[in-house]
Amino acid sequence: MLVTLGEAMVRLTPPAFRRLEQATSLDVHVGGAELNVAVGAARLGLASRWVSRLPENPLGRMMANRAREHGVDVSHVEWVRDGRAGLYFVELGAAPRPSSVLYDRAGSAMSGIVPGRFDWSRIFEGARWFHVSGITPALSESAAEVTAEALAAAKAAGLTVSYDLNYRSKLWSPERARAVEEPLMRFVDVLIATEEDTRVVFGAHGGQSTADAAAFELVARSLATRFGFSAVAITLRENPGVWLNTWSALVVAGGERYDAPRYQVEIVDRIGAGDAFSAGLIFGYLVIGGWDAAVAYGTALSALKHSVPGDFSLSTREDVEQVLKGAGLRVAR
Amino acid sequence: MLVTLGEAMVRLTPPAFRRLEQATSLDVHVGGAELNVAVGAARLGLASRWVSRLPENPLGRMMANRAREHGVDVSHVEWVRDGRAGLYFVELGAAPRPSSVLYDRAGSAMSGIVPGRFDWSRIFEGARWFHVSGITPALSESAAEVTAEALAAAKAAGLTVSYDLNYRSKLWSPERARAVEEPLMRFVDVLIATEEDTRVVFGAHGGQSTADAAAFELVARSLATRFGFSAVAITLRENPGVWLNTWSALVVAGGERYDAPRYQVEIVDRIGAGDAFSAGLIFGYLVIGGWDAAVAYGTALSALKHSVPGDFSLSTREDVEQVLKGAGLRVAR
Amino acid sequence: MLVTLGEAMVRLTPPAFRRLEQATSLDVHVGGAELNVAVGAARLGLASRWVSRLPENPLGRMMANRAREHGVDVSHVEWVRDGRAGLYFVELGAAPRPSSVLYDRAGSAMSGIVPGRFDWSRIFEGARWFHVSGITPALSESAAEVTAEALAAAKAAGLTVSYDLNYRSKLWSPERARAVEEPLMRFVDVLIATEEDTRVVFGAHGGQSTADAAAFELVARSLATRFGFSAVAITLRENPGVWLNTWSALVVAGGERYDAPRYQVEIVDRIGAGDAFSAGLIFGYLVIGGWDAAVAYGTALSALKHSVPGDFSLSTREDVEQVLKGAGLRVAR
Amino acid sequence: MLVTLGEAMVRLTPPAFRRLEQATSLDVHVGGAELNVAVGAARLGLASRWVSRLPENPLGRMMANRAREHGVDVSHVEWVRDGRAGLYFVELGAAPRPSSVLYDRAGSAMSGIVPGRFDWSRIFEGARWFHVSGITPALSESAAEVTAEALAAAKAAGLTVSYDLNYRSKLWSPERARAVEEPLMRFVDVLIATEEDTRVVFGAHGGQSTADAAAFELVARSLATRFGFSAVAITLRENPGVWLNTWSALVVAGGERYDAPRYQVEIVDRIGAGDAFSAGLIFGYLVIGGWDAAVAYGTALSALKHSVPGDFSLSTREDVEQVLKGAGLRVAR
Amino acid sequence: MLVTLGEAMVRLTPPAFRRLEQATSLDVHVGGAELNVAVGAARLGLASRWVSRLPENPLGRMMANRAREHGVDVSHVEWVRDGRAGLYFVELGAAPRPSSVLYDRAGSAMSGIVPGRFDWSRIFEGARWFHVSGITPALSESAAEVTAEALAAAKAAGLTVSYDLNYRSKLWSPERARAVEEPLMRFVDVLIATEEDTRVVFGAHGGQSTADAAAFELVARSLATRFGFSAVAITLRENPGVWLNTWSALVVAGGERYDAPRYQVEIVDRIGAGDAFSAGLIFGYLVIGGWDAAVAYGTALSALKHSVPGDFSLSTREDVEQVLKGAGLRVAR
Amino acid sequence: MLVTLGEAMVRLTPPAFRRLEQATSLDVHVGGAELNVAVGAARLGLASRWVSRLPENPLGRMMANRAREHGVDVSHVEWVRDGRAGLYFVELGAAPRPSSVLYDRAGSAMSGIVPGRFDWSRIFEGARWFHVSGITPALSESAAEVTAEALAAAKAAGLTVSYDLNYRSKLWSPERARAVEEPLMRFVDVLIATEEDTRVVFGAHGGQSTADAAAFELVARSLATRFGFSAVAITLRENPGVWLNTWSALVVAGGERYDAPRYQVEIVDRIGAGDAFSAGLIFGYLVIGGWDAAVAYGTALSALKHSVPGDFSLSTREDVEQVLKGAGLRVAR
C-alpha cells in the first residue's frame, strides 16, 4: 500500500480555451499533488491511502468523494468545521499563450493541519511506501511540521519514502523552500523533480535543453550524493507548443542511469502529469520491480496523463502496457 | 444618479438542480446586494455608480466587467493586489429541499476596505440617492467604518439614503448587527427590509403570515417612528414551494400606506429579488415620482427578477410597465 | 397524404430561461407553422409534403434536413440563391414574465415566393388534404398570391382544405389581414383558430374566459355560417402561469359541437402547440375518422406538444392514444 | 452495516425534457435499486456494502466508481469478462406526458450471476441488515437462485432482512413474480412496497386513492399476517402532475401503524425515490431506533430524493433532519 | 441510385477528450459503415437507399431519422419488436493514447436479419450500384446469408458491386472472415480496403509504410487477379499523432494505377473516414466518371470527413471541389 | 483616447468543430472589426469609444453590453427602431476544411446610417486617434458617406487616422472597393492591410510567400508613396494548417522598416486577429511610443488573439509583455 499526505483543491476550468475572465461556466475537477499520486497508483492496482484535512461542507465532501471514486482510502482524513476548501482556477492556453493557474488556497482546511493529531502507526499499517511533495510543507508552518512528523514516522516504520520537489513560487521563495526542505531530505529515499525545480530549490544546474539527458544525469548524481538518496528521478519536458510537447524522464539509482522513451504528447490537460509520473514510478518499482520498470511505467503513465481532462491519471495498467509495448495510435476495433 | 457601496462576489451555481457535491460544471454569475441594485436601476435607465474594492486578477476584472456590461460606472472601484475575490455557491432547490447558499467570502478584497481612502465628494457628484445594505458593515470592522463614513457623507451631500437591512446570519449575530446598525440609522431616509429581518435585527414583530399586511404596516410605522425614517418598505414573500411563491410589498411613508399587487412568481432564481425591489423602488420614486410608483415599480421589478438566472435584474423599463399594465402571460407575436 | 405550404425559420432559444440579452449559447431548432403541421402529421403516420422556398446555404439545408428527419417530403421545395433564412429568437419565461418572440424574418427566401412557379397538380398528386395558415399570405404580397393560387388549386383538385388563422401582429394589421384573408375563405373547408384570433381578424367575440365553451360555440357557428365552412375548430387556453396552463378545444361541424377534455399542461415549450392541434385534427379526421376523433387527437397531440422542446410535435400515435385512454402520469416500467 | 444485492445500470437521460429520439447528448448517471439503497444509507452515515457482478470495462468500472464515490464498499463485486453493462434510458416528462423508461439490460453481467460463487459469511461479517428488491430475482433464473441463497444466508446470519417488491412488468409477469417471490417471503422481516405493487404481485387491494391511508393499513396488516412479516411499509404517491406530487408512507409493525407527513414534492427526478425510502427506513430503524424514526426518515429522505438529478439519494443526515424539524423553504443565509 | 446494406448503431462519445469512465454526458450520433456510405453519397447529390433492420423504439427511430435527415431513403428498412439498438462508445484520444471504441452491439435487431425477407428486385429498382462491407456478414450467420443473397441479387440485377473489407477483430477472427468472405468475392466488382485489412484477411502484404505506394499497388494487382475484381482501392493512412495524420489512397483498375494527393488532416473525428472514401469513390465514378475522378473524390471526401464530428460525411459537392481545386485554408470572406 | 466607427454583429458559432448544418446549439459572441479594435485597445488600458448604429432590441443591447463590458464607451451609439441586428455564422475548421463565415448582415441598423447625424466634434473630444476599416464604407452608400464624413472630421480635428483595408468580397467587388476607397486615402495616416488585401484592392503585389518580407516591404513603400501614408503596416500569415499558423507583421514608416518576431500560433479562433493587430499597434504607438513598439505590441497582441474564443482580444498589457519578453509556454505556478 502507498500512503500520501497533502492538500486537495477544487479545480475550476473554463471550457473550450476560454479565458477565466470570459467564463460563463467552469468545469469542476478535484486535484492536489499527493492525491493525484494516490489516485494514479490506485487505478493501476496499487492500494493507496490519502491523508489530509478537509472542511465538513459540500466542497470538502466532493474532494473525498472523488478520491474514493477511484479507490483511494480516505478514512484517515481529518474533517473540520474551520477552514475552507482550497480552490484553483486553470486557464488552458494555446501558443503563444501558456496555460496558467490562479490559486485561491489561503485559509484552506489543510493549511491549518497541526502536528500530533494523526496516528501514523495506524496510518502506515500495511504500507510499503510514503509519498509527499514540496507543496505540503509550503502550505503553512504547521503543515511543514506535520510533513516532518510524517516523514520521520514513515522512515521509522520502514517505508520507502519519495519526495517530489514540486516547487511553487506562489507559496514560498526558493530560499524558504530550501531552508525548510533540506532538513527533510534525510528521510527521503527517492527524490523526484523536474529539471527546473532542482535548479530553483537546490541550485543544481542541468543542460540547456531537456534533450541533454547527460547533463541531467549529472544533476541527479550530485543530488544523490549530497543528500544520500537511493534514487533520483528527473522528468524532462520540451515545449515547442502548448498543445504538443515531448516528455521523458531518467532515474539515477545505485550508480546506474535508467532512461525512458521520449514521447510526443498531444496535450489535453498537462496538470498532474508530474504526479502521474510519481504514481507510475512507485507502481513500477513496487509491483513490477526495479528501476527499469519504475522509469518506464512512470514516464508512460505521465505521457498518457496529458491526454485526460482533470488532474487525475485515469489510465489503467492495461493502458500503460499498451503504450509500453508500442501498440501505436490506430483505433482498436 | 444612484450610488451604491458594497461587495460583489463570483457566484457559482450547479446547473439543472444538481447538488453542489455532484456538480461537474458550475454556471458563473456575478452578484452582490448593492451591485445588484446598481445594475437593476441602470437597466431601467437610471444612471448608477458602484463603489467597491476588487482584486487585480481575472476574477476581479470579471466582476467589474459584468457591472459595466449593464452600464454601471465602476470608475471609483479601488483595485488592490491583496485580498481575494469573494465567492459563493448556490444550490437551486425543489420542495422539500430549499435553495441554499455556501459563502466563501472570508479574506475578500472588499472586507479589507478602510476609511479615508475614498473621495466621497467626487463620488457623489451629480448623485441624488445613496444605497447600502446591512451586508457591507457586516463584512469587517473597517467595512463598518467605511459604511458609516459613506452614509455621513451622503447625508451631508444632501442625497436621499436608503438602507436594506439584509441580515446575514453567516456574517454576524443579531446582537452585533443591532449594535452596529442602530447608530447608522440616523443617516437613513428609507429603510427596506423583509418581514423576517425587521424581527431578527430590530425585534419588530409582524403578523403570522405575509398575507397579514396590516400587521406589517404596524411594524413599518413603529420603525419609522423609532428611527425617524421618512419611509419604510417591507417585502412580503410566501413560500408554498420553491418553484412557486407569492410576492408583494408595502411602503409606509408620511403616515400613508402604499400597497403593491400580490404576484404569483414562477421561480427560476430568486437570489437578488430583494435587491431588484430596491432598484425598482428607487427608480420609481426618483424617475416616475412618489411612493405609489416606488412600491409599484419595486414590486414588479422584483417579481420579474425571479424569472431570470443570476443575481441581476435584467428587466427593462418596458418589461416592468408591461407587468404594471397587466399585459398577461400570452406569448407576444 | 397531407400537403402544407409555408415558411420555416431557424429558431434560436437561450437555454435555462436566460434572457436573450444574456445568452452565451442558443439552442437551435427549426420551426414554422405549416412545417410543424406536416411534421406532426408525419410522425403520427400520415404521409406529408411541405412546399416552401429555401436559400441554398447551410441554414436552408438545415431546415430541409429537419423536415426530412421526421419523414416530411421536401422534394417540391424551391431552392434559391437570393433571400436569407428567416430566424426567430424565443425567450422562455416564468410568471410574471411571459415567453416572448423576436422575429428576424424580413427578406427571407420564402417571402420572395412568386405565383406560377409551382406545379400544383404534381404537388397534390395522391394528396387528400391541404393546409395553410394565415402566416403565409402575411409574408409578402406575392406570398399572398401564391397562397390564393395554392388554395384554388387544392380546391380544384378535390382536397379538403384547412386554414389556421394564426394572426401575427408583427406581420400585418388586423385590417390588412381581414382584407387579404376574407377572399381566401371561399376555398376553405375547415377553419382553425384560437379564441383570440377569431376576434382580432373577424371580429367574432367569444366568452370572457375560455372556460366559457358555449360562447365559443356561438363564434364557431357564426363563422361557419358566414363563410360556409364545413367545420370550425377553436382552441381554448387558460394561462394561470407560464409553466402551467389548461388546454382544450371544440369543433363545430355539421351543426354539431364536438368537445375535447380539458388538459392540465406542464409547459416545457408551448410554441407549435396550435400547429400540433391542426396535425392531430387532420390525422384524426382522415385516419381515425370523424370529428370526434379529430378534436380528440388534435387536443391530445397539442397537449403533448407543450412537453417537448422545439416547435415540432414529436409524439407518436401510441403516445397520443396513451393519453386518450387515460394512462396517467406514472412512470411506465 | 447494511448489505444489498442487485444490478446497477448506466442510466442515460436527455437533458432539458428532450425526447430520447431528439437527444443530441445524454446525461450519464448510475443507478439500480439496491445500489441506490446502499448509497442512500451510506450518505446518511450507515456503512454499506453492495454485492453485484460487473463487466471488466469502462462502463463496469464507472458503476463501481460511482458506488465508491459515496462510500459504498464494492470489494465483493464479482468482475467478469462476459456480459455487458446494463443500460437504461429515461425520458423526463411533463403533464400530460409521463416520464418513461427504456430498459436495455438483457445480457447484463448481473443477469449471469450464479449461485455458489459468493462467500456470504464473509460478506455478512459485521452486517446487521440485508436488503434486496424484486428486481434481482426477476433478472434471470440463476439470479433468482442467488437471491434465495443470499436471503437464506442473511437470515441464518441473524440479519434483519428487508425486501422491496419493486415489480417491473418489463422483466416478468405478475404470475411469474408471485411464483418466484412467495417462497422468498419466509426469509423476509420487512416488506416494502408501493400501493400498486402489493396489488399486482400479491393481489392485495388498497383504497381508491393514496389519501385513503386506512385502506392501505389493512393491506399492510393482511400481508404481515399472510407472510409473517414483522413490518410492512407502503409508500403513497399522488400524481396531480409530473412536476408536482404528494408523497407519504405508512408502516405497520407489531400491530401498530406509524404514519409520516404528507409532502408536496417538486420533482426534478423521481427515479430512485422508493429506494431512498428504503435507505431512510433502514437508517431510521437501525441508527435512530424504532418504527417511528424509520417511517419518518424514510419518507423525508425519499421526499428529498425527488429534488436531486440521478438515481442516488445524495442527502445528508443533516438535510433530512432539517426537513423533519420543519425548517421550511427559505434560502438559508 | 446507390443501395447499401448494413447495421447502424447509436454512437455515444464523451465530449472534450474525456475518458468514458469519467463521462458525465455523452454526445449522441448515429453511425454504421454502410449507412455512412449512403449518407456521404446522398449529400454529394447521388440518390441513396439504405437497407437494414431496426427496433421499433425511440433509438431505432432515431437511427432512421438521422438517415432521412440527410436524404437517405429508408423505406425498405424492416421494423421489428425483437432485438435492440446496437450501441457503441467512442473515446477520442490524444497521443500517446489512441482513440478507442467499445462496441455494445450483441443482440441488435440487425444481427437477427434473415434471408428471404427482402424483395431485392424492388429494392434495386432504379439502382446502379450496391455497396456492403465486411461488417455485415460478421454480425451473425444469418446476416452473412443475407449478405450473400443481396450480393447475388445485385449482381443479377446488373449493378456494380463494391465491398469494403472493414475487418473488425471484435466480431470475428481472420480465419472466419476469410472463410465467409472469399466466396462472396465472386459477386464483387470493386474491392475497397485499408492496407492493414488486406493483410489480415487475405494475407496480402504491402509495404513497410503507407508512403510505399508502389508496394500497395502490387497488393491491389494481386487481389484483382486473384478474385477478378475490376478495381481495387486501398486507403493509406500515416499516424504520426492522433490529431494529425496523412491520408491518401490509390486505385488499380484495368491495369492502371490512379493516385490521389496526400492530405495533411487535422483530426476532429476519424470514425467514418473509410466510409466517406467509399461514398466519394462511388460518386466520383458514377457521376463525374472514371477512376481518376473516383480516387480524387473519394480521397478528398474522406480527408474532409476527419474534420467533422460524428460518423457521417457532411460535405457537399462544393466542399469537395474546393479541396480538389486547392482553395487553401484561409477563411473565405 | 481612440475612436472607432463600424458595425458590430452577433456572431453564432457551432461548438466543437460542428458544421453549421448539424448544429444543435450555437455559441454567442459579439464582433465587428472596429469594435474589436476598440475592445482590444481598451483592455490594454487605452480609453476607447465606439460609434455605431444599433437596433433597440435585445440583440442590439447585447452588442452594446459586450462593448461596455470591456470598457468601451458606447454613449455615442445611435439607437433606432428600424433595422435589424446583423448576424454572422462561423464554422471553425480543421485541415483540409478551412474555417468559413456565413454573413447575414443585409438590412442591419448600421447599414442604414446616414451622414449629418453625428456630432463629430463632441465624439472626437479628447481623442488622439481615429480608426475605421474598409468594411464600414462597404456596408451601403450612405455608410460610405458617413465614413468619409468621419475621416474628414477626424483629420480636421488633428487626430491620427488609421484605416484597415479589410476587403470583404461578400460585400463588394475589388473595383467598387477601389473606387470608393481611393478617395478616402487622403485622410489616412496609417494604412493597415494583409498581404492579400493590398493586392486585391490596390493591385500591389508582394512575394510568393509571407516569408518573403522584403517583397512586402516594397509593397508597403509603394503604397506609402502613392497615397502619402506616414506608415503602412502589413500582417503576414502562413497557413500550413487550420490549427497551426505562423504570424508576423512589418511596418514601413518614415522610410524605415520595423519587423516583428514570427510567432507559431496554435489557433482556437483566428477571427479578429487582424483587429487585435490594429489595437496593439495603436496602443504601442500612442502609449509605449514609436513604430518599434507599435509593430511589437500589434503582432504580439494579435498572436495572442488566436488563442481566445470570440472576436475580441481579451489580453491585458501584462499578457502582451510576457510574450514580448519571451516568458515561454510553461504553466506559471
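Every chain is named by a letter (A, B, C, D, E and F) in the order it is written, and numbering of its residues begins at 1.
In this section, a contact is a pair of C-beta atoms (placed from the backbone, for glycine too) under 8 Å apart; a residue touches a chain by one contact, two chains touch by 3 or more.
Given the structure is predicted, the values throughout are model-derived calculations rather than measurements.
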{"item": "Most remote chain, CA-based centroid, reference being subunit C", "value": "A"}
{"item": "Homomeric contact subunit A-subunit D: same or different residue positions, threshold half", "value": "same"}
{"item": "Centre-of-Cα separation between subunit F and subunit D, whole angstrom", "value": "61"}
{"item": "Where subunit B and subunit F are represented by their mean Cα positions, the distance between them in whole Å", "value": "40"}
{"item": "Rounded Å distance between subunit C and subunit F, as computed from the means of their C-alpha atoms", "value": "45"}
{"item": "Where subunit F touches two or more other chains, by residue", "value": "15-16, 19, 21-22, 24, 65, 243"}
{"item": "Residues of subunit F that touch subunit E when the two form their complex", "value": "16-19, 21-22, 93-101, 168-170, 196, 239-243, 270-271"}
{"item": "Subunit F - residues contacting subunit A, complex", "value": "15-16, 243-244, 263-268, 300, 303-304, 306-310, 314-315, 319, 323, 327-333"}
{"item": "Complex contact set, residues of subunit A against subunit D", "value": "65-66, 68-71"}
{"item": "Residue ranges of subunit A touching subunit B (in the complex, touch as defined)", "value": "12, 15, 19-28, 57-59, 61-62, 65, 84-85, 87, 89, 91, 102, 104, 106-107"}
